[in-house]
Amino acid sequence: MRTILFIIQKEFIQIFRNKGMLPILFVMPFIQLILLSYAADYEVKNIKLNIIDNDMSHASRLIVSKFQANKHFDIVHFGASAKQGFDDLNAGEADLFVHIPMGFEKKLIQEKDGSIQITADAVNGVKASIATGYAQNIIASFNKQFLKSLKHPVGMMPKPAIDVTYSNWYNPQLNYKNFMVPGILVMLVTMIGAFLSGMNIVKEKEDGTIEQLNVTPIKKYQFIIGKLTPFWILGMIILTIGLVIGKIIFAIPMVGSLGLIYGFTAIYLLLILGLGFFISTITTTQQQALFLAWFVLVIFILMSGLMTPIESMPKWAQVLTKFNPIAWFVEFNRRVLLKGSSFLDVKYFFFYIAIAAVVMNVAAVANYRKRA
Amino acid sequence: MDKPVIYSNDLTKNFGSFCAVNKICFEIKKGEIFGFLGANGAGKTTGIKMLTGLLTPSSGEARVAGFDVFTESEKIKKNIGYMSQKFSLYNDLTVNENIRFYAGVYGLSKKEIKIKKKELIAKLGLEDVQDTLAKELPLGWKQKLAFSIAIIHQPKVVFLDEPTGGVDPITRRQFWEMIFDASAAGITVLVTTHYMDEAEYCDRISIMVDGKIVALGTPKELKNQYNEEDMNSIFVKLARG
Amino acid sequence: MRKVFGAFVVKEIKHILRDVQTLIILIGMPIVLVILFGFAVKNEVNDAKIAIIDMAKDDLSLELTHQLSASNYFILSELPGSTNQIENIFRKGDAKMAIVFEPDFANKFYKDKKASMQLIADASDPNTANILLNYAQAIIRNFQNEKNKNAHVPYLINMETKMLYNPTLKSVVYFVPGIMTIILMLISAMMTSITIAKEKEKGTMEILLASPLNPSLIVIGKVAPYIILALFNAATIIALGIWIFDMPLVGSFGLLTGEILLFILASLSLGVFISTISQTQQVAMMISLMGLLLPSILLSGFIFPLESMPKVLQAIANIIPAKWFIQILRGIMVKGVGIDFLWKQTIVLAGMTLFFIAVSIKKFKIRLE
C-alpha cells in the first residue's frame, strides 16, 4: 500500500510540474466545452439566400418580403440575373437562389398559372432539402393568401388533408446543447484520460526510468494502480468542473441521478485508462503511442453517434459502435441526464463497461512485463 | 567460508539464433568488487540484466543473494540495487523527490527516509541543489546521486552498468571512492566498464568476448598470466583473439 | 552548403523509414479512416426504429403505415396499444419516434376533409429527431398529394426545384471532402510537431542548430520528407474517395493538386509552429491532439454547417485551416469551379502558411542568439 502511495505522489508531482501541460488539462477542455457546444446543430438556420426578382410586380415584391421576414433566411443578394445566382452558389456566397421570372404576376392572373425556380447548393443534401422545404412553404403560403384575395374565390371543394402535429419529447425546444454538452464533455474526458495514460508508461520506457522501476520490488498491480489513480482522480475532477459548467452556463437539465453519472464515469475512466496503458505497453516511443491512441480515438469520436446518427451507419458499422466506449457513454448520458432513466433501466451499461474495463486492464497488466 | 553472494553456472542467453551470453560461470564473494570487462556488444549488459531479473535466462543456473534468478526474481529485487547506463533519475523530479520516491518504493519507513536523505545529501554536498530538478544537475553529480539512490536500501548487491560513461577523470575517481565505501560496508559490487584503468580498481575481473568469459582473476594474476604490463594490453590481446 | 543540406534530408528520410511501425501507421491509418468514415459518417438516417400507435386501424391508416415502413428510412419495431407506453419504449431506446393515428382516421380524412396524426420524436438526440420528423412529414405530404392527384387546382404556383451539384442528395458528397481534410491536416500537423519537439527535448536540436546550416533550412529539412508522405496520403485519400465513394471530380486536376500541396504546407507549418511553442513532446502532442481534433471537426463545416452557428463561432472558424480547405475541395471536386471562385480561400491558406513559418523562424532565431 505504501508503495502505491509513493507512486501516486510521484505521478502527481510530475503532472503538476509540467507547466506547459496544466493549461492543456485545466483550461483548454473547458474553453472547448463552452465554445464547441454551440457549434453542433443540425437545425438549418441563416440560409444564405440570393433572390432574383425579374418581375418587380406587386406579387413578386410580396414574395420577397415574405422571405425577408422569415427567420430561416439571410438574404445576401438581390440578384439581377440567373447567372449571378449560379455564381453565388459556385462561390459559396449563397446556399439557395430563388428566381421569380419576368411576367410572373401577369401570367398568374391571366393564365391562372405561374412558376418560380428554386435552386439549391445540394452538396449538403440534408441541408438543401430542408432549405428548399422552407422556401416552398413560403411560396405556398403566398399562394394561399393569393387565392383568398381573389375577387371571385375559386369555387372548389377543400381538399382532404392530413393535419400533422408533432412534439419532441425530453427536449421540446430541440435544444441540441442538452445533447452536445454532455457528449463533448465525455469526449474531452476520454481524450485526456487516454492520451495521458497512453503516453505515461511509454515515456518511462523512452527515458529509461522503467528499467530502474523494474529492478525495484514494486509489484505489477502496485505499479498499475499507482499509475492509474492520479489520472482517474484527474478525470473525475475534469468531469465535475464540466458538469458544473453545463449546469451553470447551459442549464442542462439533470433529470436523472447525478450519482449514477459519477458511478458510471468512475468505471468508464478505468476502461479508458486501461486502454491507454494497453497502448503504452505495446508501443516503444511516445510518438507511436500517440498515433495509435489518436487513431483509436478519432474513430471513437466520429462514430459515437454524437456527430452523426448511429442509425445512418451501415449495419456493420453499427455493430462496431458496440465496441466504442464513447458511443456507450453518449447514449448513457442521454438516457440518464435527459430521460431520467433509473439504475435498473441502464444496468446493462454498467455491466458492459465494467466487463470491458476488467478485460482492458487485465490485458494491459498481462502485457506489461517486468522482465523480457 | 561464506556462501557466494552471486553464483553463476553456465548462464546463457540466446536471442533467436544469436547467443548474447554463452555459458558464463563465476562466483562473487560478499563485499567483493567484481568487474565485467568487454567491448560494446560483448554481452556485459545482457549478463547484468539476467542477474537483476530484467531478462529471463535461456539456460544455466544462477543465484543472487541466495535466490534463484528463474523462480525468485521478485525476492532478488528486494536485495539488489541497480544503476544503468542512463542512470534513471526522473528528470522532472527534484533531488529530494527522487531520493524520497526510490526510498519509498524500496520500503524504507518515513523516519528512515528522512535520515537517509539528510545523510546522503550531506555526503554528496548537494545541500544547495536539493530542490533543483535532476535534469539541471551536471552529469557527474547525477551519477553520484544515482549510485547513492541505488544503494539507499542497503542491498546485498549493487549492479553498475557502465556507470562512469562520459565523465571527467576526477569525478570518476570520486565515484570509485564511493564504490570502495560501499564495498567496505559489505555491499557486493558488480560493475561493467570499458575503461581499463577502472579494471585495476576491481578485486577481480572477468573479460568477456562474444558472450564468453575468456579470462577471470585478480588484475595482478591476469597480468602475470598474459605477461603484460597493463590491463589495456591484455584486453586488446584477448579481444583480437 | 547544399551538400550538407542534402545529407541532412537523407538523414531525416532514413529516420522515418527505419521506424517501420510508425511508417505503417502513417500510411495505413489514413486508408482505414477514409474507408471507415466514408461509410459510417452520414446524416441520412436509414432504418430508424419507429413505433406506430394506430387507433384507427382502417384502410387509410394501414396504407400510410405501409408506406412509412416501405421507405428506407424507417422500420417498424413496436406496435403498442396506447400512447402511455411510448414513455417506456423511449426510455429503453426501442424506438426513436412514435406515430399516432387518431381513431376514425379514414372517415375524418374523406368526410371532414381533415384527419389528424401525431409525430412524437425522442429528441434527446435532437439532430436525429429533426431529420426523422422531416422524413415523416415528407412521406405524409406525398401520401396526401397522391390521394388528391385528381383534383386540378388553378392558380397554383409551380415550384421548379433544382438540386445543384448533388441531385441525388448523397451525403458522401458532403462528408468525404471533410474526412479527407481532417485526416490530412491532423496527420501532417501531428507528425511535424512531434518530431521537432522530440529533437528539442532530447537536446539534439541544439546540435543541429550549432551546425553550419541555417535554422530555417533545418526546419525545411525536417519537414521535407513529410511533404512527400503527406502527398502520398493525399493521393490515396482522393483515390479512395473517387473509387470507393463515387466522389465526383468535376474541376481541374491540376488546380486540385496545387491546392492540396498548399494545404499540406499549411498543416506542416502549423505543426512546426506548435513545436516551437511547446517545450516537451507531450505538450506538443496534447496541443496537436486536444487542441486541433475537436475544433477541426466541429468548426470547419465538416459536419455542421457554419451558417447555423452563432456569429462568434463563425468568426472563430475563420482561423481553422480545415474550414478553408473543405470549401476548396467541395468547390473543385463537386462544383467544378476554378480559381476565380476560390481565390479567397487560397489566399487565406497561403497567408496562414506564411504566418506560421515566419513566427517559427523568428522563435528559432531568438533561441539561437
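Order of writing sets the chain letters: A, B and C. Residues in each chain are counted from 1.
As a convention for this text, contacts are C-beta pairs under 8 Å (C-beta built on N, C-alpha and C of every residue); 3 or more make two chains touch, one makes a residue touch a chain.
Since the model is a prediction, treat every value here as computed from it, not as a measurement.
The chains that touch both chain A and chain B are none; no such chain exists. Looking at which two chains touch through the most C-beta pairs, you get A-C. The centroid of the Cα atoms in chain B and the matching centroid in chain C are 57 Å apart.
If you average the Cα atoms of chain A and of chain C, the two centres end up 12 Å apart. Contact of a single residue of chain C with at least two other chains is seen at no position.
Residue positions of chain A touching 2 or more other chains: 18. Interface of chain C with chain A (complex): residues 19, 21-22, 25-26, 29, 32-33, 36-37, 39-48, 86, 90-93, 96, 109-110, 113-131, 133-134, 136-138, 140, 143-144, 147-148, 151, 153-171, 173-174, 182, 186, 190, 194-195, 198, 278-283, 285-287, 289-291, 293-295, 297-299, 303-305, 307-310, 313, 316, 327, 330-331, 334-335, 337, 341. If you check the complex, the residues on chain A that touch chain B are 2-3, 5-7, 9-10, 13-14, 17-18, 207-209, 211-219, 370-372. Interface residues of chain A facing chain C in the complex, by the touch rule stated above, are 18, 20-21, 24, 28-29, 32, 35-36, 38-48, 74, 86-87, 89-92, 95, 108, 112-130, 132-133, 135-136, 139-140, 142-143, 146-147, 150, 154, 156-172, 174-176, 178-179, 184, 187-188, 191-192, 195, 199, 203, 283-288, 290-292, 294-295, 297-299, 301-303, 305, 307-309, 311-314, 317, 320, 331, 334-335, 338-339, 341, 345. Taken together, the chain B residues at the contact with chain A in this complex read 52-56, 73-74, 77-78, 80-82, 84, 86, 88-93, 97, 100-102, 104-107, 133, 159.
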